[in-house]
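Since the structure comes first, as structure tokens, the remarks are kept for the end.
Every chain is named by a letter (A, B, C and D) in the order it is written, and numbering of its residues begins at 1.
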Amino acid sequence: MWLRTRCDIRFNLSVPTPFVLMLRPRSGAQQWVAREEYRVVPSLPAVEFTDIYGNLCQRVTAMPPEFAVYTTAEVMTADMVDKAPGGEFVEVQNLPDAVLIYLLPSRYCESDRFGQMATDISRDCLPGYDQAAAITTWVHQNINYRPGNSDLSVSAVEVNTRQWGVCRDLSHLCIALCRSLSIPARLVVGFLHELKPMDLHAWFEVFVAGRWYTFDPTEDQQRGGYVVIGYGRDAGDVAVYNQFGPTVYPVDQTVIVERIADVSQVPNSLP
Amino acid sequence: MWLRTRCDIRFNLSVPTPFVLMLRPRSGAQQWVAREEYRVVPSLPAVEFTDIYGNLCQRVTAMPPEFAVYTTAEVMTADMVDKAPGGEFVEVQNLPDAVLIYLLPSRYCESDRFGQMATDISRDCLPGYDQAAAITTWVHQNINYRPGNSDLSVSAVEVNTRQWGVCRDLSHLCIALCRSLSIPARLVVGFLHELKPMDLHAWFEVFVAGRWYTFDPTEDQQRGGYVVIGYGRDAGDVAVYNQFGPTVYPVDQTVIVERIADVSQVPNSLP
Amino acid sequence: MWLRTRCDIRFNLSVPTPFVLMLRPRSGAQQWVAREEYRVVPSLPAVEFTDIYGNLCQRVTAMPPEFAVYTTAEVMTADMVDKAPGGEFVEVQNLPDAVLIYLLPSRYCESDRFGQMATDISRDCLPGYDQAAAITTWVHQNINYRPGNSDLSVSAVEVNTRQWGVCRDLSHLCIALCRSLSIPARLVVGFLHELKPMDLHAWFEVFVAGRWYTFDPTEDQQRGGYVVIGYGRDAGDVAVYNQFGPTVYPVDQTVIVERIADVSQVPNSLP
Amino acid sequence: MWLRTRCDIRFNLSVPTPFVLMLRPRSGAQQWVAREEYRVVPSLPAVEFTDIYGNLCQRVTAMPPEFAVYTTAEVMTADMVDKAPGGEFVEVQNLPDAVLIYLLPSRYCESDRFGQMATDISRDCLPGYDQAAAITTWVHQNINYRPGNSDLSVSAVEVNTRQWGVCRDLSHLCIALCRSLSIPARLVVGFLHELKPMDLHAWFEVFVAGRWYTFDPTEDQQRGGYVVIGYGRDAGDVAVYNQFGPTVYPVDQTVIVERIADVSQVPNSLP
């Protein structure tokens, strides 16, 4: 399906503030970005670089009193995520080099602490895809999903203790559980069509049967309509914005995802 | 200045044809891409990757009978390229690791054959920026610039012999001459405002005084208005499209560059 | 000074066990490896790759009942680490792209939780090198250094609570504190001449005044004699060995560091 | 088999001379470096970096009057290179991103000029491995192999015209021919056991049937005993040493390759 995504964020600032933003979706194996807009207002010198995960990041030093980014993208993405029941666990020695990093514990995914729990949850599963599916179902059923904002510094251990979290928290717990079984897992940040309430979203992917597969512990059913902004080991690495200096909060954040016609069928929108 | 660039290319195909395209400008130290459109018609699965130079490349297998890409970008770029008369030659041992590759000979820039000629041309110059400037001036004055298309497989040695070439050829000769003096040099492909006749363009950059500087042997005056699509050692590495299998030629190619208002001052164009 | 380092590790195994080892020092800006030996016993197919931090990592699947690696290196390293009192804090917007990752929180360095404490410790310091020095001194004086082994899953927050740790733990706390002041900091694992008792060692580096500087909260005095094996965000990323499957512990680990003559003055040792 | 390789090179210098050396074999999919020595005499600050092909390169500024490097390695490598008769051509659209660069023309491999000739030579072959084998055989039989040194700036076109060359030249011609058939091909520089006369050696690899395969147009029979120092598009990218400034030639170069016992069976050689 073709989706138009929009994310606008506005800040009030009292001092010059360096930002590293991650708001430009990339075309990749799972999506194609046909049109895109990224306005920085007021106009400021911004520089883009590629981080270690391949994400496009934008650096800018925003000046008081106001700073806003307006981003829009028109993206072709899958109607339904690929599934692979029975998909095989990849032995660690056979993983691609670049995937190994997703086995390591990270700030919000203390995979070194979840070995027993992951084994219990996935006891009756074939190693691989089915274990990840069982973990996702377990988290969906046992951890209360509360949309909205939460303190970023809540990690998988804490989510598991308090039994509730935002989308990011549920995915962090899934990731920690998967990694503890030596299944590579990474956080994905982006948009989801028909997410309710609409907001930026986070889900996760696991590497089994030779490629990455998508899972989402907040959804009742696996479906499609995902638009990826960035990948990383956890939310510490894939922040839509990282801001340095005195903390500022957005005064306004708008997220819209709507279905559109195939853009190859329509004339240029840019004059 | 803010520029809107457009490059549309259409092909007639008789067999399925793999393409690697390089038509998506990136935001970087010298330009900011605020809006961008990249339509593949008919709609096809396309995948993007980053090459060794940091360029965004699009892979697609086009099907007969027709294939077209329509690309538009709105980009902030400098009104005037930076100049640095007297800018110092960087001793090879002090060059950043990533710059060393631009000292080596490449397909169209046989820098190993131009040592004496480069020394002659830049005899009275301070090492560094002034040598590159003298080389650019010499090529501008001595090699006849003929806009249009030419055989890609003409290298700096051949350009120097026949004394004429397209923009790419003149830059290849400049690059070979600069490298033979141990000045790192790279080809740049992109757009130039008010280029006459309008077309895709190629120029070059040299690394002196700690950074890259722009030169263009086709222009009488150094000016601004450049929009970069890609960097590389020469045109073999920075092709707007590389096509594999039986050779196909574009049946139509449209390039437009026009000045626009600061996009941070205008409302969203995407609905 | 020239040092010969040796690290031998032996394991007893009951099942085939994949390992990712990091035991090959690299030549770099701060050390030169003149001779090196890395024996895997029994002989096994081993493959080396470069991780995202530039470390050389060795992949091998070890077979029961025994597996050992014997590594030796002869390395030129500085007699005294560089110091830079007053060295300037680098504004985030001016940091090299590749350094930004060392500002983010990581598994064992929850920098998002130490802002107030870091501010208190470094209250009277110039921003930059002096803050890092004050933090190192504070940790050296307030956290009890207990050489030996400890549970890897102790993070900076926990070290700060229990007030003691191994070398790695003290460095993790320093790193978390530095990052909370927007000073990039990374863990270093390697060897230290005259460490007592001799063992593998961990220390940290901060990026100030345009480059990385070495600090070590376990030592009374800054000195030299460091040999680097690997860099990373924390010990989760820079493990001398990562082992997957049922946990195995080394049955024997030998570390020796001794001073040797300049190897450029001596004949080949390899016949 | 286990091999001990040795390459010593000595230079006389009249001025300080920057070098980029490539003389440290890496452990990789096809070889394991168990011991290694790399002495720079006199002792000088040397820095190592990884180039775009993954090779380890050493930077040093050598001072007059003399400069020498003494390198030794003990390496496990295959007794026989892998063969894959009938191995399938990989369609360009299915090649890994990182392999695409080996389809492009380069300084000494003008693949854009060999389409007809390559088609003629491999007319009766299955696409893929067999084409590369036919090309190798054709070059072995038709281009006279003359061991020794030759002018580096001889390219595939020129080798094909003059009908003779050193190992590097024959491989350049093979590479140009393979690339013109859309088979990725790269130059390899290193050592070969029982090469006669013994010297540094160059051969090439092609990417077919999902991986790289070794070919050597200088040898009557495919065999093993190869030790890789570096990979690249051609000899311009994989020079054992690149030297900048006034040209200097080695006054002495010694290359030795000898068979040794399995080093995992012997005690430490380093004291």
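Keep this in mind: a contact is a pair of C-beta atoms (placed from the backbone, for glycine too) under 8 Å apart; a residue touches a chain by one contact, two chains touch by 3 or more.
Computed from a predicted structure; not experimentally measured.
Taking each chain's centre as the mean of its CA atoms, B is the chain most distant from chain C.
Centre-to-centre, using mean CA coordinates, chain A is 31 Å away from chain C. Distance between chain centres (mean CA atoms), chain B to chain C: 43 Å. Shown for chain A are the residues that touch two or more other chains, of which there are none. Inter-chain contacts, as defined above, occur between A-B, A-C, B-D, C-D. Of all the residues in chain B, the ones that touch chain D in their complex are 18, 20, 49, 51-52, 57, 59, 61, 91-93, 97, 100-101, 103-107, 110, 112-113, 152-153, 182, 236-237, 242, 244-245.
Touching chain A in their complex are the following residues of chain B: 4, 26-29, 32-43, 45-48, 50, 54, 58, 70, 72, 74, 76, 262-265, 268-271.
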